[in-house]
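Letters are used for the chains, namely A, B, C and D, taken in the order the chains are written, and counting of residues starts over at 1 for each.
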Amino acid sequence: MTRSTTRNALIALAALVVLLALPHLGGGEKLADYIIFAAAWGLLATGLNLLIGYTGLISFGHAMFFASGAYSFGAIMQAQIMPVPLAIVAALIITGAIAALIGAICVRLSEIYFAFLTLAFQMFFHSILLSWVDVTGGDNGLLGGIPTPVFFGVDLNQPEHLYAFCVTVTVLAMYLMHRIVSSPFGFTLRMIRDNERRAIFLGVNVFAVKLTCFVLSAVFSSVGGIILALFISGAYPDFAFWTTSGEAIFMVMLGGLTNFFGPILGALILTGLNDIVVTYTDHYGLFLGGIILLFSLGLRKGVLDFVKPGGRKSTPAQPTADAKEATHADA
Amino acid sequence: MTTTMLSAQGLCSYYGLSQVLFDMSLSVERGETLALLGRNGAGKSTTMKSLMGVLKPARGATQYGGKTISGWRPERVARAGVGYVPEDRQVFAELTVEDNLLMGAKAGTKGQRDWTLERIYDTFPMLTPLKSRQAGLLSGGEQQMLSLARTLMGNPDLLLLDEPSEGLAPLIVEQIGHVLKDLRAGGLTIVLAEQNMRFCLDLATNAVVIDHGTAVFSGAIDALMADQALIDKYLSV
Amino acid sequence: MTNHKLNTGRRRFLKTGAATAMALSAPAILRAEGTGAIRVGMPTILSGVVSILGESSVAGAKLVFDEFNASGGLDGRKIELITRDSRAKPEEAAKAVRDLVNGDGCNIILDAEASSGSFAVQEVIKSIGALCLHTVSEATPLSADPALHAPTAFRSARQGIHDAIGGGAYAAAVAKEKGLKRWATCSPDYAYGRTTTAEFMEYAKYFNSDIEVIGQAWPKLFQPDYTEVITRILQWRPDALYSALWGGDLVSFIDQANLYALFDQTETFSVNLGDYPVLTAVEQLPNGMRSGSRYNKVVPNTPENNAFYDAYVAKFGTLPTNWSWENATAATFVIEALKDVGTDDPVKLAEAIRGRTIASPFGVDGTLTMRAEDHTLTGYAVGYGVTTAEEPFMKDFHTSSWEQILELEADWKKRQGFA
Amino acid sequence: MEPAALLDCLTSLSCVVTQTTSGLIIGMLFFLVAAGLTLIFGVLGIVNFAHGAFYMVGAYLAYSAYQVTGSYLVAVLAGGFGAAILGVLFERFAIRRVYGENVLLQLLVCYGFVLVADDLVQIIWGSEYLSMGMPQAFRLPPVFIAGGIVPPFYIFIITVAAVFAAVLWFIIERTQYGRIIRATAVNPTMVSALGIPTPLIYLSVFALGMFLAGMAGGLAAPIRALTPGMGFSVLIVSFVVTVIGGMGSVTGALVASILIGLVRSYGSIGFPLFVDGLMYVMMGLVLVLKPNGLLGRQEASRP
């Protein structure tokens, strides 16, 4: 272990301790619920950002992996064939396999077409969840709750245990993702994002790298789905609906896609905003839509994009071709 | 009658974060043909773009016909009488030759419509049989003619002509030269950015030499020709 | 995934934490008791395509609670209704319920969620123990399946199987009279549409063995265009058509099928047609379409039900829906139980509601009962009538016999393994 | 799967007539929405996720206009122009600010707009289902052509949509304005350097697209229930149509719309449970095999 990885591990541990202590310092269950919810969404968003922010691939279909994590975990637990930790691993493997299949088809495409194809797959996945009633319960979701037998003395039926478990898994997943993006692999991703041609010249197998990233991104996003499934003791088709992807993308944008912690900050903000808007008004769309418009037309950059300017510059506000024009001109 | 038609002072332009023009200045008199010389990458095209408003200079000012036009959008500059023929021609590949010409059609600043399709086909006879051909299928020389003709359809008072001879066969270059001479004779003011000095000699009266985004010489083209050291330093390949 | 070392560390931490958490969360129940307002939480859908569901649910409950508050409340304690928009997302519904109970101190939840949301709410109720009345979901397993049972959760809504038995018997009789043998169905392609349709046809065949299903169309929920489904049904040339489409989808379907004169050629049984928002939206309601009972001023045609209708319209300016009466009923159960118990302790309230019979404008015999064995509402108006284009929109209403419904329901439960 | 039923249908003239016309009506209404979507993408480079919201607004405005005037024509025009005016405001104050920006930012602007629009519609028109009702002139029994059933109203809609397709084609291929928008799609800078105000072109194309969406909403108002959020399902199909036809190609949108319409009408007989699935599979296949769509433009080739 190098010094910086030791330091990061210590930071992660400290974050975990703080998170575990938080609800007991006066926040109560409301705070715990909020944190679990934001953690689930935050993992989806951070996983997604491995693609968007680090590789420059905009997936509009990540909700399907969020759902596949939740559904496979829930279904395995309902079948009562393995304990929670193994079921999680199995759910991640299943998601990884699905992602590898879909990724192999999608990552060859660029830009908007990649986004559309992932969106198409997601809609297909969603319709399977709805119509394969025997396995998925259709629109009723996985009926009957998700049983969670005690393992290693952890009883997820107790709110305190559930909270501690979810927070631990989240911190662990975040730590692993951080290690990935700061590894040589992470640098390769950024090189592909910034200059794919250069990467090819340098002998990088771009397809393999993109596919690996796609799978990793899907797997981490599915951890978020598993946490949400644990929290509400069920899985529902709307996990795979495009609006779920849309919200995750908004979280990435809101927090900032150039910063590793941007998406999770975005998740914290948006989850909080949702709670506030729903609590104080019946006009969700008006308020949240207004906030989104203000953000996208006013701020334009995520919160953490301001704190730490990343490698990406924003292009001037002119139609696409103008911007293209400027870059291929002489000097 | 010599009045200043177009002048620029202290233009600084950027592509993204990299600066390309540094304090670039020039001035063109009415009816004059000004050659903008310099090596590849010296900043000629950037100067043209900055004058046209296609690229917004970060600093500096441009006056045209007594008005400050820096900061104007290109269409406003064009409507004020400036015609622009870009370096890489930029014909609309999917449109036919005639549609390309019609795209450029507009009245001049005094409402004149001197350039009609007939006159264009007279001036550029090689375009006549190509009328309904897609512009993308034309040869480089034909595209250059088309691009120039398209701009003329807008009846400009001043022509910004960027590297018209680039990559073309000598015969075509010669034809273009003839057309330009006729235009000059008709009273059109021309700013001609070129690497090909020989091409400019016949056409231009004055010259500006650009290097590293700034004007290193400004004066009569004869004076430039006389200064072999300057030519060696900034223009020889 | 789980690291043993981490676990032991956390467990030690948890022990101290758990005690604090208990101390903090337990008073949530205590706090709400006493003299403050009694808080009733309602997660529901207030935005999007089915926002009418939420709006009319809130209105139905509000009508009853406001009246109760105006008459002095529970020894001066008012009932406060707190609503949360779940945007039809089950996870939001679950979180809203937790928040309503833990954060807002609601011991009573009226769950006005569509079926997926109601299953999510049921899971929360199982672990959190508040009193819950599901007021919208007609999904049968919610209360029929013992595996889903929660001691403090009830269904104050139609139960799919009740309508299926009542509707099946009615359809069988009409089929016999008119010689309708070849049946087609057209229902939305999701759990509600599929189970409702299967159960309806099952009982129609049970009562009339001549009935034969010759084709089934399953349009998607919220599909904008039904043309391909309509022309397909035309190809089958059925004698009769059953549909579980509802809401805006049903309005679109009728408008589009009218163009093909579908309803002139087939006898139509549309379980969800008889709801005011649908009836008033369809501009050209074909004559003689048959509908199951939803909410109607004249079903049952009693002064009490007429009075409810009038009060509702006067207060909200809109017509009551099926969801309105279901929520009004839930609110009435809550109030009756509160009067009995005197506090809003969920366990005591649940005891008071279990098996309770209340006087109600919506009961066939003027009463409704919350059946003790499976916490399901019985006694409401089930049956079919012929819809008309003008007020009261329903004629020749045939009320199904509850005796028959209960008998066949018991049998059905056995077959499903629910009893 | 019921291939036998499909075969039966294909060998029966009456069935072919019925299914083909129903395929056309499904397709042509999608086309009106998709045409604007694809035009806006082609010229402005914007994926307009708010398109469905304009369709919805058009339908609601048409409903209100019909309530007041009783004229279907006025209603449809109110839907079209109302949506166009709203489109002008949206372009001027929102979309214009994100041209050339990250596509995610564009999506967010549209997403925010959709949320606000849905909620405002709910506040203004209420959450009840609304139905405009069939205009008196079209309350006719269906006609039988070679044994196939065809509602007169649908003959009207197909005609209107076909006329609009022809007018659009004419505008784009045969007018100066059409030349300008085709050129702007490829090289806006050059267009602007020729003295043509591209911001106005963008604005007008956006307004045209919104006009088409709003008019489609108005045209469909007699046969589709109005609810807040109704634009969404229309949007999804329009996207599929746009992608299959080729983003930016109006002709492609027409071909793909009719294709999708026919697939739906015949598919509902041959493989009823897979009609939606087939749409997505078609879209997926097109994206993999021919990312630019059936008739999509190749990337601008500049000399």
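Throughout what follows, a residue touches a chain if its C-beta (ideal position, glycine included) is under 8 Å from a C-beta of that chain, and two chains touch if they have at least 3 such contacts.
Here's who's who by UniProt: A, D = ABC transporter permease; B = ABC transporter.
Computed from a prediction, not measured in an experiment: that's the story for all the values here.
Asker: Shared touching chains for subunit A (ABC transporter permease) and subunit B (ABC transporter)?
Answerer: Where subunit A (ABC transporter permease) and subunit B (ABC transporter) share a partner, that partner set is D.
Asker: Going by the touch criterion at the top, tell me which pair is linked by more C-beta contacts: B-D or A-D.
Answerer: Between the chain pairs B-D and A-D, A-D carries more contacts.
Asker: By mean C-alpha coordinates, which chain is most distant from subunit D (ABC transporter permease)?
Answerer: B
Asker: Point out which chain occupies the most central position, where each centre is the mean of Cα atoms.
Answerer: D
Asker: Would you kindly tell me how far, in whole Å, the mean C-alpha position of subunit C lies from that of subunit B (ABC transporter)?
Answerer: Centres of subunit B (ABC transporter) and subunit C (C-alpha means) sit 75 Å apart.
Asker: Distance from the CA centroid of subunit B (ABC transporter) to that of subunit D (ABC transporter permease), rounded to the nearest Å?
Answerer: 43
Asker: From the C-alpha centre of subunit A (ABC transporter permease) to that of subunit D (ABC transporter permease), how far is it in Å?
Answerer: Distance between chain centres, rounded to whole Å: 33 Å.
Asker: How many angstrom lie between the centres of subunit C and subunit D (ABC transporter permease), each centre taken as the mean Cα position?
Answerer: Centre separation, subunit C to subunit D (ABC transporter permease): 36 Å.
Asker: Could you list which residues of subunit A (ABC transporter permease) touch at least two other chains?
Answerer: 131, 283-285, 325
Asker: What positions in subunit B (ABC transporter) touch 2 or more of the other chains?
Answerer: 54
Asker: Could you check subunit D (ABC transporter permease) for residues that touch two or more other chains and list them?
Answerer: 118-119, 122, 186-187, 189, 198, 273, 276
Asker: Report the residues of subunit C in contact with subunit A (ABC transporter permease) in the complex, numbered from low to high.
Answerer: 1-4, 6-7, 10-11, 13-14, 17-18, 20-21, 24-25, 46-47, 83-85, 87-92, 94-96, 98-99, 102-103, 115-116, 119-120, 123-124, 126-127, 139, 141, 145, 147-148, 189-192, 194, 221
Asker: Help me check something: in the complex, which residues belonging to subunit D (ABC transporter permease) touch subunit C?
Answerer: Going by the criterion above, the answer is residues 5, 9, 15, 18-19, 22-23, 25-26, 29, 118-119, 122, 126-134, 139, 141-142, 149, 151, 153-154, 220, 222-230, 232-234, 237, 264-265, 267-269, 272-273, 275-276.
Asker: If we count contacts the way the header does, which residues on subunit C are in touch with subunit D (ABC transporter permease) in the complex?
Answerer: Listed in rising order, the residues of subunit C that touch subunit D (ABC transporter permease) are 47-52, 54-55, 189, 217-218, 220, 222-225, 227-232, 234-235, 247-252, 255-256, 258-261, 277-278, 280-284, 318.
Asker: Show me the residue ranges of subunit D (ABC transporter permease) that touch subunit A (ABC transporter permease) in the complex, using the header's touch definition.
Answerer: Checking each residue of subunit D (ABC transporter permease) against subunit A (ABC transporter permease) gives 44-45, 47, 94, 97-105, 107-109, 111-120, 122-123, 186-189, 198, 202, 236, 239-240, 243, 247, 273, 276-277, 280-281, 283-284, 287-288, 291.
Asker: Hey, which residues of subunit B (ABC transporter) end up touching subunit D (ABC transporter permease) in the complex?
Answerer: My answer: residues 52, 54, 73-79, 84, 86, 88-95, 99, 102-104, 106, 136, 140, 143, 150-151, 154.
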